[in-house]
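Multiple structures are listed underneath, in structure tokens.
In the two complexes that follow, subunit A is the common piece, with subunit B as its partner first and subunit C second.
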Partner chain A sequence: MLKKIRMWFEVRIGLDDLIKTKVLDYRIPKNINIFYTLGFIAMIAYAVQAVTGILLFIYYIPHPDHAFRSVQDIMTKVPYGWLFRQMHVVGSNLMITVAILHMITVFLMGNYKRPRELTWFGGALSLLFTITFGFSGYLLPWTQLSYWATTVVTSIPTALPVIGEPIAHILKGGDHVTASTLSRFFALHVAILPPLFLTLMGIHLFLINRIGISATPFGIVDEEKRPLTEYKRKIHPDGYPYYPSFFQKQMYMMMGYFAVMFFIITFFPTMFFPDEANTPADPFRTPSQIRPAWYLLAPYQLMKLIPNKFFGITLMAILAAIFLLWPFLDTYREKNVLKRPVLRGVFMFLLITWVVLLFWGRT
Partner chain B sequence: MKRRRFLQTFLAFLGSITLFSFVNSLVRFLAAIPTRPTEAKKIFIRKNEIPSGGVRTIIYNNIPAIIINRPDKGFIAFSRECTHLGCLVEYDHGKQRLICPCHAGSYDLEGAVISGPPPKPLTAIPLKIEGENLVIG
Partner chain C sequence: MRYFFLSLMMIVVLPSIGVTGYRENFEQEFLTKTWSGEQVEENLCISCHSSDKMKPEFRSITDAWQASWHGQNNISCEHCHGGDPKDAKTSMSPQRGFVGTPRYQEVPDFCGKCHIGILSNFIESGHGKALRAARKAPNCVTCHGSHGIRKASIDIINEQLCSRCHSYERAKIMKQALFLTEKKIGQLETGLEELRREGIYPEADEKSLFSTQAEFRALFHTVDVDLVKDRTEEFTAKLDLIDRNIRATYRELRFRKNFSAFLMLAFTGMGIVIFLLSQSKED
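And now, the complex of A and B:
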């Protein structure tokens, strides 16, 4: 029976040839490491979010009068609703964590350098999209936490002269966070961002495939310092086959991802649910401890520290632009970060600053 | 002008009109539904309901507001929306200040910024005394 099914596909799509060329004969660099699996894990994380998000969609009601109640019903009345919501909430935080780790490892291995500038740009843009996913989903439960965190974030653009107020108005659908805002964020979360994100992912994967996987810069002669005069796909004829060696690494990391997710759900179920996340939104009372999700805590703290709102938002926009366009700014050809003390120092400074701001923002 | 060049220019012209029309419509579509400005309803509160040093929170014209009875200077009303990022300020009786819980901006009882990131004073709300009543609005 299985043979028949296999033959059915073989005569139609050339299954054997596909497996041979794309899996068995597909070579990856010999010095590839476990961190190369993080992009794949990020995709698994996105898939988990899509599946659990669609399930939550069945019971969620995007209206201020019903949103909080419907989410509470998912958690307490719908069979296993708590599980899928926990997977979605914990998964969203893990997804952003994995995406950040992926960007850090790509940065440290210099894999953003030419000819992979566009691959970095697509990946960095995906990270910003991922954060927008998290931010837009934050409002949907219509809790005190989500309401006031959204009020704060949607007011940030008002610092910009001329265009600031209209942008904030479009984001909120009015002067305040209301039912219009909830509708907009719901549309953004479930209908606008997913196709944009999938398109971006498609381009990102196409570029990775078209340009070829980059080897790590450690312990090898870096041939990519050659002048870039023509397109040449990077291949690794003396590398390891993708299957089984790298495939096993991916499966290993994927199970690690799910183990972390279910460990948090089982032993720390309230990790992402402070008290304000279980209180219905009250537009006439700001809670005393209001703060956004952890991935927005560093910019949130920065906004606290910089007295001038315009300067604060301009600084954040400049940092985001540097992050997106980094490969075009760092044109030095040496990929090995161990041979670049200044870059290493700047990276450590930024990482420590980010961590300090994050923890400072929590207090 | 050669025919080919003319067609290229004309195509760019048509494309620009289409793009401009679409973007204009999209921006107008995304902007909130315009609401007709309505006159805010006046609120009447008896003076003796707010003792000296006391405060009372109200909703004025759909905006959370606060009335403060300052010990020496009498009544004053403000919007509670912090001018920084829109969180609602709370009255701190001990410090006699209005404090924003989000970014710790603080205002004095005139609504002026004392410290923190707020860029401008709290928005004052018209208040007058008519006999034994406070009239807000």
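And now, the complex of A and C:
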């Protein structure tokens, strides 16, 4: 019976061939390291968000009169609703962390270099989308924390002359954060971003598959130094088979991801739920401290430090553009960051600045 | 490409620097102003009473109110004194319900507009009857204060305050009758606050505790020790129900912790097994 089912699929989709070419015969570079699994872990993180998000979507009511209550019902009345919400909230933060780590490792290993410029661009854009996911989801529980953090963040575009006010108005659906804002953010979170993000992911994966996986630049001569005038898929005939060696790496990293997630849920269940996150939104009472989520703290602190807000927001836009288009700016062929002290220095400076701004923003 | 990008940066950055000073108000207020101020129109009572034009004794009213229990719960000037805090012309107009400061004997009715249950009990009490008879008697402000009113507690009944009018003995008996119930209320308040810190919003129990507490404290205003003793059991039963709910929530939180710890250990275990398998393959 099982053989019949297998043959049924084999005739129609060529399962055997697919497994042979993409799993068993697929070769990965010999010097590949554990950091190469981060892209896969990011995909798993997105999948967890999608599944838990759908479960929350069943019970959540996107209206200011019901949003907070419905979230509380998920936490207290829906069987295991607390688990799905905790997984969604902790998962969203872990997802952004994994995506950032993925980008950092890709950067350090020079894997954004030609012909992978578009792969980097798609990945970097996905990170911005991920942050937008986090930001749009932040408002949905309609708590004091989410309400006021959204009020501050949606006011930032008003620093732009002429177009600033209309942008803020479109974001909020009015002058203030109201039911319209909630509807807009809800639509953005569950209907607009997911298809866009999935398309982007599809392109990202297609490019990775088409161009072939890149080796680390450490300890080998990189053949991509040759002029790239025609398409050639990067293959590693002398590499390890994907299955089982790299597949096992991916699997234990995935288990590690879930272990970290449940470690936070077990021992720090309120890590992402300060007091303001358990209080319904009150537009007439400003909390003593308003600050956005941790992943927006560094730009938020930078905005506070720069006296001219228009200059601040322009600087943000430029930094985002540099981040997105970095492979087009860095045209040196050397992939190994260890042989590029200036780039290494700039990277360390940016990383330290980001961490300092993040912690500064918290205080 | 780099030169194109550098040119683009110059095009964007230069005008940015050029318009330094753009929208100064925004810069000054950004992230420092009270954001709710955008949504709440200015309260003229507060702005006028806190201005330098006001006599010092009237100026302190706004500070006292802001730190008070009323202030913390958004009970504003017009809720007690009437008038229109949004319109300077009619802010103190009797046509807009402005009543100003009540006379000493009118204070219970003034506060009783909101504290209805307490008013009826107070009127029937020895304190209330004496006040109606225009004898020397306390009104609400005597014990609770006015603009700087604090959250009511059993500590209001104290020798220093009560002995201003009569001996403390009877008040002491009343305090003893209230003590256990008040203590229980305090414990439940702490328990509910801790639940909030654990990420739970115990709205139903908070409301139940609030109404039970309000009812119990309203009863105290009869100043009838026997009545308080007779009805204590009824209040204890209500408080016990809240207590049971809090304990059940803690049990649920313990279950959650154990369940997620189990998942954490399961994934850690699976991760270790796969890791060891991968190492043995490599060997």
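Here is the rule we go by: the second predicted complex is superposed on the first by the 362 of 363 C-alpha atoms of A that agree within 3 Å, B and C clash if a C-alpha of one lies under 4 Å from a C-alpha of the other, contacts with A are read in each partner's own complex, and residues count from 1 in each chain.
Quick note on the criterion: contacts are C-beta pairs under 8 Å (C-beta built on N, C-alpha and C of every residue); 3 or more make two chains touch, one makes a residue touch a chain.
Bear in mind the structure is a predicted one, so any value in this text is a computation, not a measurement.
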item: Combined model on subunit A where subunit B meets subunit C, clash or fit; value: clash
item: Which of subunit B and subunit C A:S288 touches, first, second, both or neither; value: first
item: Contacts of A:G174 with subunit B and subunit C, given as first, second, both or neither; value: first
item: Partner chain(s) touched by A:F268 [first = subunit B, second = subunit C, both, neither]; value: neither
item: Which of subunit B and subunit C A:Y332 touches, first, second, both or neither; value: neither
item: First (subunit B), second (subunit C), both or neither touched by A:K304; value: both
item: First (subunit B), second (subunit C), both or neither touched by A:W8; value: neither
item: Partner touching more residues of subunit A, whether subunit B or subunit C; value: C
item: Touching partner for A:W148 - first (subunit B), second (subunit C), both, neither; value: both
item: Contacts of A:P166 with subunit B and subunit C, given as first, second, both or neither; value: first
item: Subunit A positions touched by subunit B in one structure and by subunit C in the second; value: 148, 151-152, 155, 176, 283-286, 290, 303-304, 307-309
item: Residue ranges of subunit B touching subunit A (in the complex, touch as defined); value: 27, 30-33, 35, 57, 59, 62, 64, 84-88, 90, 100-104, 116-117, 119
item: Residues of subunit C touching subunit A in the complex; value: 1-2, 5, 8-9, 12-13, 16-17, 19-23, 26-27, 30-31, 34-36, 38-40, 74, 196-201, 203, 256-257, 259-261, 263-264, 267-268, 270-272, 274-275, 277-278, 281-282
item: In the complex, subunit A residues that touch subunit C; value: 68, 72, 75-76, 82-83, 86, 148, 151-152, 155, 158-159, 161, 175-176, 244-245, 248-249, 251-252, 255-256, 258-259, 262-263, 265-266, 269-270, 273, 275, 277-280, 283-286, 290, 303-304, 307-311, 314-315, 317-318, 321-322, 325, 328-329, 331
item: Residues of subunit A that touch subunit B when the two form their complex; value: 148, 151-152, 155-156, 166, 169-170, 172-174, 176, 180, 283-290, 303-304, 306-309, 312
